[in-house]
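Given below, in the form of structure tokens, are the structures.
Across the two complexes that follow, chain A remains constant while its partner is chain B and subsequently chain C.
Moving on to the complex of A and B:
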């Protein structure tokens, strides 16, 4: 009797495992894998929601890559904005993390980490609206500062002037001390073994030399994570641009993601929007692979690979 | 480290902190000021606060000399000091009262959606991770890869087809259009974090409990959950943070505008006639930050520990 019950018990245990895992698997199949399949399959059609669909083969891709006048300028804007964001997010929070980490009193280090993390409680949309409505506004912080300095001629609609719109958008978030990044880099700096710091001190490697020769290689893993996340965010992100400029003036601040949004939700060109989405996916996938391959994390540097 | 160097360090850090927080200082200041004040003197302090400060001593003294105050509509009135104080407080908080009136439903929607999502993510994530980490059964590894594999697909790829799906399922203009996809996406990160944590728990713990006759549900309830409280709170905070900030998806799936959450609601507010009242707008930004501020105060320690534990690297 005992022998019969063991396999039975086993079977029930296995079945209950499947039952538990089935829920997330079903949710993911429905809400992630199905949309992924649709993204590829629907990109071969021309259709509006609820309307008739016409098979166009790779027509949408050909149009996006060769005929659409918005494509290349928008890719250029994306490249500029992403490059700038990468430079800022790899440098400023690391510098701040290093400064905070250099303070000898643990209490202050903790307080400063909290101070820089606090702005994450403000919703991202609010931050973007604050920049467009308070800082860059006609009677906003930038223009009023210029006027009070007697530089009235420099005051302008920073986001509506075609020559300044893109740089103004890039500078949203100045001074770019992301509290989250500071925490991540701080964790990396704290993870440097005391023996390494000790050896550097004995060799007379301090200050800037230590920062560049010891600290930066030792936080490579964290830099790599922020780099990958910033690139992914830069290639596909468009929420901020949608809120502050809607891609304008003209197409001066349009990026491919925003163009995808307009095609889908303003022009009802669902198939074409899917094709843009697939192109962005391919771009992100390629860039992430390149990162994985050529940007060494600390473990790989240590392993001497 | 010598004294001068330390002072320099603090000064540099404070300069960065000041530059980071500067916009919010202006938001706070201007949330208490009328449009006219902001147009005429951008850098000035709120007159409404000045008036409150001026009226307090007179009101406390019980003076009866009428004082001149500005009421909500901006007209000057002559009233007794005690009443003047009340009128001034109403004038100063006008933006906040208007803003609260407008964004209250958005806040409630956000609270409901983010709490439900976090609960779903924690429950599904921890159960699944427990099963995948601690049970041996055919296909466990393949299922884990199937789940983690979804991290490969960026939001830009699935945004448009997800909208078509939600529309086809008839979920547009419901809470489910947000909650279900959020749980589906959010659980992946949770499973990833939980599984690596559960993998590190010593097997002897489970073995001895099993010898004492504990079943799965008991192992999960009495061993796994109590041990993983810090990880659970980090994932919960990350989930709520993500949901609270989600703008685009609620914006496009609420075509009728009934289920706007705080992020999409703020955008709607900023593009509505209310936006001509700056104090209302700025007050709305500040009010919308309060729930996360409370969460932050409550969860700073586990959150900082979680991120600082070194889990975040590539």
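Moving on to the complex of A and C:
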């Protein structure tokens, strides 16, 4: 009798857990997965909101990948911006986190953590506007600094000059030290067992050698997380570009996400925009799979040993 | 265990509450008074939602200077007093297109909105907007009520509007008017008189002297003209186009719309643009077309470096720039600034001469401004029946607009601060805006390139022009982009609207004699 009641009790307990989880899953399905499926189906149509849909099969995809003159340059810009962002976010914040972690006094470690975390509270839009309106402006920080150094000929419209627009956009956020990456890496460094640090010390592994041989492998999970998030953000994101350059001059700072936005809401080509969205989804999915396969986390490294 | 089930019940209840359909704002017996409104009787039947835009939004403070605006609210409260079964709610809605598209497609947009009419044109065939022609061609009942048969608006509402050419020019490509032009805006070049005095120059009379002024100002260490790429792509394009094409109009203006022609002499509609484009106009084989962009590039050297900038005001008020091409509403910004340390004036871009280009038409620079607050009625207005012909609610929305356009009401709204020029006969123009009123007396532009039936055309033109003006592409490549872009826009136009080609061909043939005397036409 007892034996029968225990599984029953477990079943009820499990069921209630599933039931609680079912609600967010339902909402997720309703608001995330169904729109994705809907977007995929609509990508096969020439379609605008409020207008008639005409089935065009893979026509939108063919146009995007073969005929649209914006596609490949925009993918190139996305690749450059994402690569730059990956390089910056995997290196500079890690270095800062290591420096903060190395401070011997806990109180000062705390102070520096606060200092590096505070910029998170500044909205991204405000950051973009500060850079475009104060730093890159005609009489902004960059040009005025050049003028004061007697380099007046180098002053330019950084965001509207075709040769400098993309690098200028990439550098927004310099020096890339404020933000949650520092916190993530700091948490990873704090999680390195003291026995490992002790062993490294006994083996004479200190300074840069320890950083590269011990610390980096031990925060590989955090690096992997930041890498995935940066890639996803790089492929999807276009808000900053929309604010500072609107993708111009010409298409010099246009990325596929921004082109998708323009097609959807300015040009009324919703089906085409859906096709761009599906292509970006496939791209993100593929990159994430590659990342999962080739970029091994700390746990996997430990398992491999 | 029990805690889990209680948690589950709470989550479900919360989700259900969030997802539960909200009761409609509009209900025949909606009696609940809404926040921010005066107390109303129990029988409020119509709740009209009005998004007036930022110029007259009640309780807003223009440029953050002065007192909160009250004019529109006062007039609307009087309307509510006359119609106790009606309440008007003001909404401050995002000015972005995605908001508009999603709200209109779901029938939840405000009843009255204020957006640029070119954003409306692309959607008129979807039934999202109400054509105002049937109402504009009827008397305004509030004018009739006063009993003066000579008063504008007594015979037809149209007559109450002062700037007929511009107001009627806002007709969509289907020929119908979806936009009520409540007031006018015009551009002008605001200039710093102190800098001009220091450099020893005066407001220029023609384009050559204008460039000379720019050269001197630049040599003195100031940025001559402050303007953004949008101004190049919109205002500059139309002005330059008119300057070099105006004298061709007798040979190329093919359609005479009986309704609009008396007001818009020589305006080139998109049908005509497409027809002419097929004949080689506005292509690389059309010398005038290339001239527009060449002259623009020449002018660009006197403009701020960063054309993508949005904060030109700062450069002007801090006296780093000597001239700022802006709209009439900028007048208030300067008037209200108590810390402004210089005298300023306004002039309009001066005309081209033979020294500027061999294609100069020798006409003054045309009007490129026009309707400021462009008021549209959406499909929400006839949501009670789903049919604009039977909707009583729509009648009430129209009544509100008719009431707003009475001279005494328009004056209280538009003249609350010096910003825009009233578009109602009999309403005076505030003195600081007189220069703009004079400009508006000129002939209207030959065409408005950004008011196409294809928003993609405007976007690509803006982008490629910015690239060209910043030396990102050579002249020939830019022209190739323009040609391709215009071709695509014409193709889209043909897909959306039947074009009467035989009629235009007949007109083209009939005007051959006029063209015979014209030089430098593209090869047919």
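By our rule, the second predicted complex is superposed on the first by the 276 of 305 C-alpha atoms of A that agree within 3 Å, B and C clash if a C-alpha of one lies under 4 Å from a C-alpha of the other, contacts with A are read in each partner's own complex, and residues count from 1 in each chain.
Keep this in mind: contacts are C-beta pairs under 8 Å (C-beta built on N, C-alpha and C of every residue); 3 or more make two chains touch, one makes a residue touch a chain.
Just so it is clear, the structure is predicted and the values come from calculations on it, not from any experiment.
Q: After aligning the two structures on chain A, examine chain B and chain C and state clash or fit.
A: Result for chain B and chain C: clash.
Q: I'd like to know which partner A:119 touches here: chain B for first, chain C for second, both or neither.
A: Touch status of A:119: first partner only.
Q: Output check: A:79 vs chain B and chain C. Expected answer is one of first, second, both, neither. What do you get?
A: neither
Q: With the two complexes superposed on chain A, say which partner A:16 touches: chain B (first), chain C (second), both, or neither.
A: In the superposition, A:16 contacts both chain B and chain C.
Q: Quick check for you: in the superposed arrangement, does A:246 touch first (chain B), second (chain C), both or neither?
A: second
Q: So, does A:236 touch the first partner chain B, the second partner chain C, both, or neither?
A: First partner only.
Q: Applying the touch criterion given at the start, work out whether A:99 contacts chain B, chain C, both or neither, answering first, second, both or neither.
A: In the superposition, A:99 touches chain B alone.
Q: Touch test for A:161: chain B only (first), chain C only (second), both, or neither?
A: A:161 sits against chain C, while chain B stays out of touch.
Q: Once the shared chain is lined up, is A:267 touching chain B (first), chain C (second), both, or neither of them?
A: The second partner, chain C, only.
Q: Just chain B (first), just chain C (second), both, or neither: which does A:180 touch?
A: first
Q: Looking at chain A, does chain B or chain C touch a larger number of its residues?
A: Answer, by number of touched residues of chain A: B.
Q: When you line up both complexes on chain A, which piece of chain C, out of 19-27, 37-45, 73-81 or 91-99, runs into chain B?
A: In the superposition, chain B collides with chain C along 91-99.
Q: Name the residues of chain A shared by its contacts with chain B and its contacts with chain C.
A: 13, 16-17, 20, 23, 27, 49, 133, 139, 264-265.
Q: Flag every residue of chain A that touches chain B in the complex, lowest number first.
A: 13-14, 16-18, 20-21, 23-25, 27-28, 30-36, 38-39, 42, 49, 92, 96, 99-100, 102-104, 108, 110, 112-127, 129-131, 133-135, 139-141, 144, 148, 174-175, 177, 180, 183-184, 186-188, 190-191, 221-222, 224-225, 228, 232, 235-236, 239, 242-243, 257, 260-261, 264-265, 270, 273-274, 277-278, 280-281, 284-285, 297-298
Q: Can you list the residues on chain B that touch chain A in the complex?
A: Within the complex, chain B touches chain A at residues 1, 6, 9-10, 12-13, 16-17, 19-21, 23-24, 26-27, 30, 38-39, 42-43, 124-125, 127-128, 131-132, 135, 137-138, 140, 143, 146-147, 150, 152-165, 167, 180-181, 183-185, 187-188, 191, 216, 241, 244-245, 247-248, 252, 262-264, 266-267, 270, 275, 278, 281-282, 284-285, 288-289, 292-293, 295-296, 300, 304, 307-310, 312-314.
Q: Under the definition above, what is the set of chain C residues touching chain A in their complex?
A: 1, 4-5, 7-8, 11-12, 15, 96-98, 101-102, 104-105, 122-123, 125-128, 223, 229, 304-311, 315, 320, 455-456, 459, 462-464, 466-467, 470-473
Q: Can you name the residues of chain A that touch chain C in the complex?
A: Chain A reaches chain C through residues 12-13, 16-17, 19-20, 23, 27, 49-51, 132-133, 136-139, 143, 155-162, 244-252, 262, 264-268.
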